[in-house]
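Structures follow.
There are two complexes below, and they share subunit A, which is joined by subunit B in the first and by subunit C in the second.
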Partner chain A sequence: MTEPAFEPRIIGFLCNWCSYAGADKAGAAQVPYPPHVHFVRVMCTGRIDPHFVLQAFAQGADGVVILACHPGDCHYKEGNLRALQRHRLLLRLLGQLGIGEERCRFDYVSAAEGDKLAAVVGDLVKMIRAAGPLPVRPEQEIGRD
Partner chain B sequence: MANKPQLSIYWAASCGGCEIAILNLHERLLDLDAAFDLVFCPCLLDTKKKDIEALPDRSIALTLVNGALRTGENREMARLLRRKSQLLIGFGACAHQGGIPALANLDPAGPLPAIYLEGPTTPNPARTLPLPETTVPEGTLQLPPFLGRVAPLAEEVAVDYFIPGCPPEPEQVWKALDPVIQGKPLPPLGSALGAGRSAVCAECGRRKREKKISRFHRTWEIVPDPEQCLLDQGLVCMGPATRDGCGALCPQVSMPCTGCYGPPEGVADQGAAMVAALGSILDIGPITGLSPEEIAARIDEVLGSLPDAAGTFYKYSLAGSLLKGRLP
Partner chain C sequence: MRIGVYFCRCGGIISEKIREEAVRAGLAAVAADLHVAAFDFLCSEEGKGFLAQDLREHGVERVVIGACSPREHESTFRRVLTGAGLNPFLLQMANVREQIAWVTDGEGEATAKAVRYLRAAVRRVSLHQPLLKKEIAVCPEVLVIGGGPAGLKAALTIAQAGRKAIVVEKSPIIGGLPVRYEELFPTLECGPCMLEPVLDEVLHGEAAANIELLTLAEVTGLKGFYGNFTATIRRRPRYVDGTACIGCLQCAEACPASAANPFNYGLSERKAISVPFDGALPNVPFIEPGLCLHLSGEECRACREACPLEGTIRLDEGEELLELQAGAVVVATGAGLYDSRAIPGLGHGILPGVHTAAEFERLLAANGPTGGELAIGAGEGPGTVAIVHCVGSLDPAHREYCSGICCQVAFKFNQLIRKKVPGTRIVHLFREIVVAGKEDSFLYHQARQDEDTVFCRYPEIGALGIRLEDGRMVIEIRHQGGTETIAADLVVLCPAVVPAEGSGELASLLETPLDRWGFFEEMHGRVDPVQSKVKGIYLAGSCQGPMDIRQAMGQGLAAAGAILSRLVPGRRLELPPITAVVAADRCSGCGVCQGLCPFKAMTFDPERRVAAVSEVLCQGCGTCVAACPAGAITGNHFTDAAITAEIEALLS
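Right after this comes the complex of A and B.
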């Protein structure tokens, strides 16, 4: 029997006003995109506590994607900028913890960009497939006796 | 003397500073001595493991364990003391969240290659490494093995309370021990004793303003204003992501908080809390008309003045963080 193909598990945090509406648009227009991303709707990407991202990885997500309104289009003025600033800092932290940039992505998708959403998700799934599953700590890492 | 309740103090992977912190109780040491009979403390007494093993279970009233779990010996002693003690308190940052020793978790290769093979002052052409077991003509010698990573005390045994800090301040230690001695009701199991619930900023007297940071400074690069918030001045002060209770001692003398009391109540990950805090106060200038790539580059330019994010944000809490260290 052959090993089953690696199907990545990805958590997506999508802004209510732009990107989630963009995903709705992709759905309504029946644009096909891979089913590996579990979307979580947040009121603003500025609401995404870095805990959410670390928690996703700690619970075994192979990747995380944050999709925000385009610069200047934030419903709350600058939530997307704060999210980007946190993301850039978080990437440095994740790098030191052995999680590469390809696993934690930030992009902009507006409410009109159903096609872009499908493209971003498709590209992400491809990259994480290539990167392979997130390394997992061995169950008995600190040993049992 | 035989009627006094028993006290034991053990050190796992630690530096001995927690024993000094107990010594810092000064004259209150006499109160501690009046209340307890010290039965085990490798730093002070010659009682052995077998003496503890010979005691009935739960016969030690109070055990203070400092240090993280680094070796099989640490783990074995933690289990033994848990079994023999009624109340087990994790004493200090290392027992609480791994402390400084847990920074070793950033290197999954473990400590041996760095110390025995790569050390510039350690010639080792035969590449000899210490082994858990070595057979010599007289028999087999054993060393406690390293665990796969540094772990906080609570990962291996049930810990009733924590006294955070590196080291815990004497007033805090006493605030924690006094109710135990007096037999007063204690907070719910698992709580931090003697410390606050909020962040260091809450008890820091420095003047704060709307923060905007365009560049971070290391402590030796600037002479900070004595009244202004240190974070306002670009020093990476861990105050917003650190539990209070110390009295904001370091910021008071112009040294930024390094986070030794661990995350505030209800915060799971000190690093995440610090990313959240710093991410909202960067000043990257006007961005109108810039492309997404240019905006990201501006942010990276500011962040470039902050070396070693993991070592700074998780200086005392890596083993207790969500990811526990670098993934294998």
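Right after this comes the complex of A and C.
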């Protein structure tokens, strides 16, 4: 009898205008990706409070992906760049918590890039499958009180 | 709280992959008071009818719809909620089609994921707040910046609809660049003849009363927001009363001071009081203060003495600062030409026989510096004109893009030179030739068939060198295999179309972004081509990028149309309620949000020492919400509570 394979759980934060539309595009083109990838829609990746990412890890996610508009394409001018800055800072904190930076990915996906979306999440899942479940879970109180 | 979950089968597209019964079972224990129903096509008229009736019948208070992407039908279902007497924001869609049915291998996995999505939506919707759209009164007047083809077309269209347009034009005349061109591509239509009826309509037509034309004027400030802008405008004095002047120009004859005329690119002189060129509209002279002896402190009053209408010339006129209201703004400030002096080998500005296309237009024009007489060669038989295409275009060192109009201008010149000085040899030096469009290849074919016209491709602009030799221009073309030389009497450079001077300053005072080339950037170049990135500020014409007159007119018309359809007198402006909200009691006044807001929607209330959001300017991106160190800002509809509940439910 073999152990059931570890299937990582992923939370993806997608902005309404580019990457969420890119996910719709992946859907319309029927480009498959792993079933435990869940997308949360925000209007802009600038809305993503680092706390949400910590919350996702605390609640059982093995990986998080933030997909923003390409630089220059943000519907709100520069929210994607704010998200990028916050992601860079967050990686430091995650490191201190023992969460490797490979588990929290940032990438750009346009409304046309359905294939890229599927490839990015597919790659993330593959890598985390190899890395195994998150070794530690951050306390749920981390972040905002 | 009764939550209704509606599962759309999408005619089998969803239900083939996601098992309806398993979904029902999976939802059973999610909330105490759950009502679950399914329908084949919820977005159909029948489906919407079913939904509205079912919501009422079952007393549903919050709604989850498991169907396609919210980008497709969220607004459809929000309207159904409104119709059924529910607040439209008490809805959450679970995208089970695009994100599950179409991309998941295996029914079991798809169904399980759908249950997770629907549970998360149920959790989320239970935390939604009813939101109300607010409405504000608007000012229906429109401010148009720039009096060229695009701006005038926009102003005229707005005026013809019975609405007021204020045109602010920097120069003393209207019509933009094309009024300086005697003939226009592609049909060699006379430029002034084509434009004058439009200009005349603006100045004296039936709708003219609705157009306030401010020449010699510039916008110096813009406050407020869509529906309620306040603009400050600086108007330089013309020193001539436009309403009294009859345009006889006796003043210009009498004026003793003159200098190079910038409207003819310095190829002729103008008097301190004069019109830029014959036929320029409005036909009212103006005084160039730097040239005028009187304004420089001397005793001269020659113009005032020569004027047959007393009081028309007003040497004591001063600058005016105006403040006016507008609901929308159209930016139509046009474009300029790439400075060919930045390519030193071409000798522009140094060699007497090298002119830009704009200068050459004036040399061809009957109201230009030579009266339209073209002198080519030293009198012994016809000479040679070299027309250099792609000057500064298609070149990463200058401008990477093709301006798309210069080839047409070059082939127009071909025809005009041919007409004015028959027998002239014409050489087209080009990198690429671009003449797309149903009418646009005509002039090109004519040039190709002409026996005195030759074409010569050059590798790049740096490979061209022009020097003066025995009174003629000698063009050296350094090909890979060797050097070719062409002697010409006249060289015409066709430079890339670039942003107009001052675009950067205007953009920063309007707070509208420019693209990487410095042109005004559209909200979306294809689907929203006249809306800038700032609500209520529209774009028209070559301030957006290289454009011909037809396109510029089209953009002007489109901008007017967009404004007329959205900014309607008496109709109040609806403000989408998905904005940020500051809880003043938690705000420490640190100002982090103010620096972050890309729309200047966050202001500081100095009295209470807290941040405040302008509901009109806020676009609801939520960047400030994520940044607030005190958690004092709520993102309506995307609250921390709703998002974290969704995350938690997706992972449970």
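The criterion applied here is as follows: the second predicted complex is superposed on the first by the 134 of 145 C-alpha atoms of A that agree within 3 Å, B and C clash if a C-alpha of one lies under 4 Å from a C-alpha of the other, contacts with A are read in each partner's own complex, and residues count from 1 in each chain.
The criterion applied here is as follows: a contact is a pair of C-beta atoms (placed from the backbone, for glycine too) under 8 Å apart; a residue touches a chain by one contact, two chains touch by 3 or more.
If you're wondering where the values come from, they're calculated on a predicted model, not measured in any experiment.
Colleague: After superposition on the shared chain, which partner residues are touched by A:Arg47: those of subunit B (first), subunit C (second), both, or neither?
Modeller: second
Colleague: Return first, second, both or neither, reflecting whether A:Arg82 touches subunit B, subunit C, both chains, or no partner chain.
Modeller: Once the two structures are laid over each other on A, A:Arg82 reaches both partners.
Colleague: By the touch definition at the top of the document, which applies to A:Pro138: first (subunit B), second (subunit C), both, or neither?
Modeller: Touch status of A:Pro138: first partner only.
Colleague: Quick check for you: in the superposed arrangement, does A:Gln55 touch first (subunit B), second (subunit C), both or neither?
Modeller: both
Colleague: Applying the document's definition of touch, where does A:Phe39 land relative to subunit B and subunit C: first, second, both, or neither?
Modeller: A:Phe39 sits against subunit C, while subunit B stays out of touch.
Colleague: When the two structures are overlaid on chain A, which partner does A:Arg9 contact: first (subunit B), second (subunit C), both, or neither?
Modeller: Second partner only, subunit C.
Colleague: Would you check which partner chain A:Val31 touches, where first means subunit B only, second means subunit C only, and both and neither mean what they say?
Modeller: In the superposition, A:Val31 touches subunit C alone.
Colleague: Considering only the touch criterion stated at the top, classify A:Arg105 as touching first (subunit B), second (subunit C), both, or neither.
Modeller: neither
Colleague: Taking the superposition as given, does A:Lys116 touch the first partner, subunit B, the second, subunit C, both, or neither?
Modeller: A:Lys116 contacts neither subunit B nor subunit C.
Colleague: With the touch criterion stated at the top, can you tell me which subunit A residues are shared between the subunit B interface and the subunit C interface?
Modeller: On subunit A, the overlap between the subunit B and subunit C contacts is residues 46, 49-51, 55, 72, 82, 86.
Colleague: Give the list of subunit A residues in touch with subunit C in this complex.
Modeller: Against subunit C, the touching part of subunit A is residues 9, 11, 16, 20-21, 23-24, 26-28, 30-33, 35-36, 38-44, 46-52, 55-56, 59-61, 72, 75-79, 82, 86, 118, 144.
Colleague: With touch defined as at the start, can you tell me which subunit C residues reach subunit A in the complex?
Modeller: Touching subunit A from subunit C are residues 69-72, 95, 97-99, 102-106, 109-110, 112-113, 116-117, 120, 513, 516, 533, 578, 596, 598-599, 619-623, 625-627, 631, 635, 638, 640, 643-644, 646-648, 650-652.
Colleague: Hey, which residues of subunit A end up touching subunit B in the complex?
Modeller: Touch residues, subunit A against subunit B: 46, 49-51, 53-55, 57-58, 70-72, 81-90, 92-93, 96-99, 108, 134-138, 140-143, 145.
Colleague: What does subunit B use to touch subunit A in their complex?
Modeller: Against subunit A, the touching part of subunit B is residues 69, 72, 75, 106, 108, 145, 147-149, 151, 155-156, 267-269, 271-273, 275-276, 278-280, 282, 284, 287-288, 290, 292, 295-296, 299-300, 303, 306, 308-311, 313, 321-328.
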